[in-house]
Structure formats: C-alpha cells, structure tokens
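Notes follow once the structure below has been shown.
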Amino acid sequence: MSCLPSLITNTAEEGYKVAIKLSRMAVKMTQPDDASREKMRPDYANNADSLIQVSLVVATNFNTVAKANNYWRD
Amino acid sequence: MSCLPSLITNTAEEGYKVAIKLSRMAVKMTQPDDASREKMRPDYANNADSLIQVSLVVATNFNTVAKANNYWRD
Amino acid sequence: MSCLPSLITNTAEEGYKVAIKLSRMAVKMTQPDDASREKMRPDYANNADSLIQVSLVVATNFNTVAKANNYWRD
Amino acid sequence: MSCLPSLITNTAEEGYKVAIKLSRMAVKMTQPDDASREKMRPDYANNADSLIQVSLVVATNFNTVAKANNYWRD
Amino acid sequence: MSCLPSLITNTAEEGYKVAIKLSRMAVKMTQPDDASREKMRPDYANNADSLIQVSLVVATNFNTVAKANNYWRD
Amino acid sequence: MSCLPSLITNTAEEGYKVAIKLSRMAVKMTQPDDASREKMRPDYANNADSLIQVSLVVATNFNTVAKANNYWRD
C-alpha cells in the first residue's frame, strides 16, 4: 500500500490532498496493476458521471480529514 | 490546484459556495484540461440524474463546511 | 444563487424544507436555465431510481440541518 | 407535505419507522401525484439495485434519527 | 417489521451484524414478499456493482451502530 | 463471518486496512461462495466506475474507523 501519512495537516488545502490520496488508495489496493489503472483513465476522465462520483468519494474522505483537523479552526 | 480558502465563512450562503468549490476541485484535479471539462458540460447540465448526483456531492461537502462553522449558530 | 436563509428552524418539518431547498440550490447553480430544468422534470419525476436518489440528497442535507438544530430537542 | 412528527422516539424500532417516513417524504414532495408513484412501485420493488438504494436512503436518515435519540442509550 | 433489537452490542462483530440487519430491514419493508426477494437474489449476489452498493449500505449503517457503541472503546 | 478485530489501531494506515476489511465483509456475507466472488473480480477491477464505488465504500468505513481512533491524534 502506498504509505498513508498522518491525517493532520497545516491547512485545508493540504487536507484536501490527503483526501485525494485516501480516495486513490482504495483504487490502487483493488487494482494494483499500474498499466490496468492507466488504461482506464480516459474512461472516467472524460465521463461527467464518473467525475461526479470521484468528487463524491473525495468529499467523503475530506469530511473525515477536516474533522481530524478540527476544521483548521485552531 | 485552485486555491482552497478557509472553510470558515460568515454566512450559510457563503459556506454553500465553499461546498460548491470543494465539489469542483476534485473534478478539476482529475480532469485538469479546461476544454475537456467544458465539452462535458452539456452531458451533465441537461441530465437529471447527473444533476441529482452533483447535488449529492455538494450536500456531502456542505455537511463538512456547516459543521466547521458550527452551523453559523454562534 | 437563490438566497439561503438560516439553517436554524423552529420545527423538524421546517428543517426538512430547508433540506429540500439546499438540495435544489446545487441543481439550480449547475443548470441555471429555468426552461432546461423544467424540461427535465418528467425524466426524474416519473423514474423510481431518480426519485430514490433525490431522497438520498435530501437525507444528506437533512442530516446537516437536523444537527444544526440539535435535533429540535431543546 | 405529509406531517413530520418529532424525531424523538421511545425505541430504535420506532426511530427506524421515522427514517422510513423521512425517506418517503422527499419522494412525495418531488412526485406529489399518488397514481404516478403507485405506477412506479413494481419498477423498484422488483429490482434489486433499486431496493439497495432505498436501503441506502433509509440508512442515511436512520443515522440522523439515531443520533437525535442519543442511540436510545439513555 | 422484523423486530429491531437494541443498537448496543458487546463487540464490533455483533455490531456489524446489527448493521447488516438494519440494511435488510428497509428492503423487507419495501418488498415484503419473501418469494419476490428470493427471486432477485441471483441478480445482486452475482453482480459486482450490486455487491459494492450493498457494502455501502452496510457501511452507512455500521457508522451509526459503531457510534452508538462508542466504538467499543469503553 | 470473517472475524472482525477491534476498530482501534496504532496508525492511520492500519486503520485504513480495517476499513478495507469492513468493506469486504459485507460482500462476503452477501455472496459467501469464494468461486463466485473470484469470478466477478475482473468485472470490477477493470471498470473505472466500479473502482470509484469501491473507494466510496472504503471512504465511508474509514470515516468510522478514523473517528473510533480519534484520528490518531492522541
């Protein structure tokens, strides 16, 4: 598994990147072959519905990361 | 990445705009080409099911932003 | 954007209406043309799967609004 | 709108019924015509994927109702 | 409705079973006919996308049950 | 059911593995036949939309596990 760093970040923008990373990790663990994943890229990168679902996954992970960081309020 | 400002806003309406921004950021990071995204616009803007899913993504992000702002109760 | 009032309401039923409003706002912001949205209405209002997804969006927004109101327990 | 009672119930089972009611309310508000909804019933009641999505909506609403009731722990 | 016991369990594994039960309850209440449900079983039990959605429903319910039990930390 | 260990882990990375395990458990319980599941593997491992939904399930479970561990902040 690609190494998952701490959920704690300095800014919301860094936290968003962790949410992206978390979203990709599950895909990599389910389809570990790099070439297979790369081959699917045009399928979702040019499909509006796929991109909307990608955004839903990131939103779910960002919900977790933002809470972990107390919404960077402190 | 388009710059993500603070999650903290003065009003619920501003918070909703941040939720929209968060929803678009994941799409832009997955499909960074502006022309490719613009080309897909009619696909989802005229499709009821796509628009419903867009609203689900925004709802998920607004859940995060609203909590970050203590629901603008303070 | 159609104006978003406070998330705070007197009753659960009013809160549910705010959840409906939040769900519609994302659709309106993505497809601002009234005629285009109206044209899609039969597509989702007569399709069971679309209506179920509409209900998922409202449920997600109601989760936020209900929490904002401390579940109208006070 | 069909009247929404309090989210607070005596038991988890009653709370589950409120979650079902919340799930149906959004459908009724989007398609208020009783005959139209009844006509769609076989579409989702005999379709595994539709039933799974129904269950997702109820799960999302039950998450809200259960929290409102402090999980009936008190 | 099949009887819903308490959400409180002794272990995470028992809690997971309650999440499964909650997920099935909504399906049973929407399609109460046992034979109709049984007939659909091959449709989802041999379809990867259906099984993934089943898992999403269970995950949503487990989120509720786990919180109800304070994550079995006590 | 494959045995579910504690939700409590030492690191976020271990917690992510528990989220993966939780996601797989619901699938195994719905389709207990190992050969049937193995046969479906190419269906989802080579389909972008399936992989995105897998990631949504894991994100939902990771939300639970991360909270259980107080986001590994302690």
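Every chain is named by a letter (A, B, C, D, E and F) in the order it is written, and numbering of its residues begins at 1.
As a convention for this text, contacts are C-beta pairs under 8 Å (C-beta built on N, C-alpha and C of every residue); 3 or more make two chains touch, one makes a residue touch a chain.
All figures in this text were calculated on a predicted structure; none of them were measured in a lab.
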**Message:** Show me the overlap between the contact partners of chain A and those of chain E.
**Reply:** F
**Fill in**
In contact with chain D as well as chain E, sorted by label, we have none
**Message:** Shared numbers divided by all numbers used: is that above or below half for chain B and chain C, i.e. same or different?
**Reply:** different
**Complete:** Relative to chain A, largest Cα-centroid distance belongs to chain D
**Item:** Equivalent-chain rotation between chain D and chain C, CA atoms, steps of 5 degrees
**Value:** 60
**Asked** Which chain has its C-alpha centre farthest away from the C-alpha centre of chain E?
**Response** B
**Message:** Centroid from C-alpha atoms only, then distance chain E to chain F, rounded to Å. What do you get?
**Reply:** 15
**Prompt:** CA centre of chain C versus CA centre of chain E: separation in Å?
**Reply:** 26
**Request:** Spell out, as numbers or ranges, the residues of chain A touching 2 or more other chains.
**Result:** 44, 47, 49, 53-54, 56-57, 60, 63, 67
**Asked** Which word fits the touch map of the chains here: line, ring, star, complete or other?
**Response** ring
**Prompt:** What is the sequence of chains around the ring when one begins at chain B and proceeds first to chain C?
**Reply:** B, C, D, E, F, A
**Request:** Note which residues of chain E are touching chain F in the complex, please.
**Result:** 11-13, 16-17, 20, 44-49, 51-60, 62-63, 66-67, 71-73
**Fill in**
Contacts from chain B onto chain A in the complex sit at residues 1, 3-8, 22-27, 29-31, 36, 40-41, 43-44, 47, 49-50, 53-54, 56-57, 60-61, 63-64, 67-68
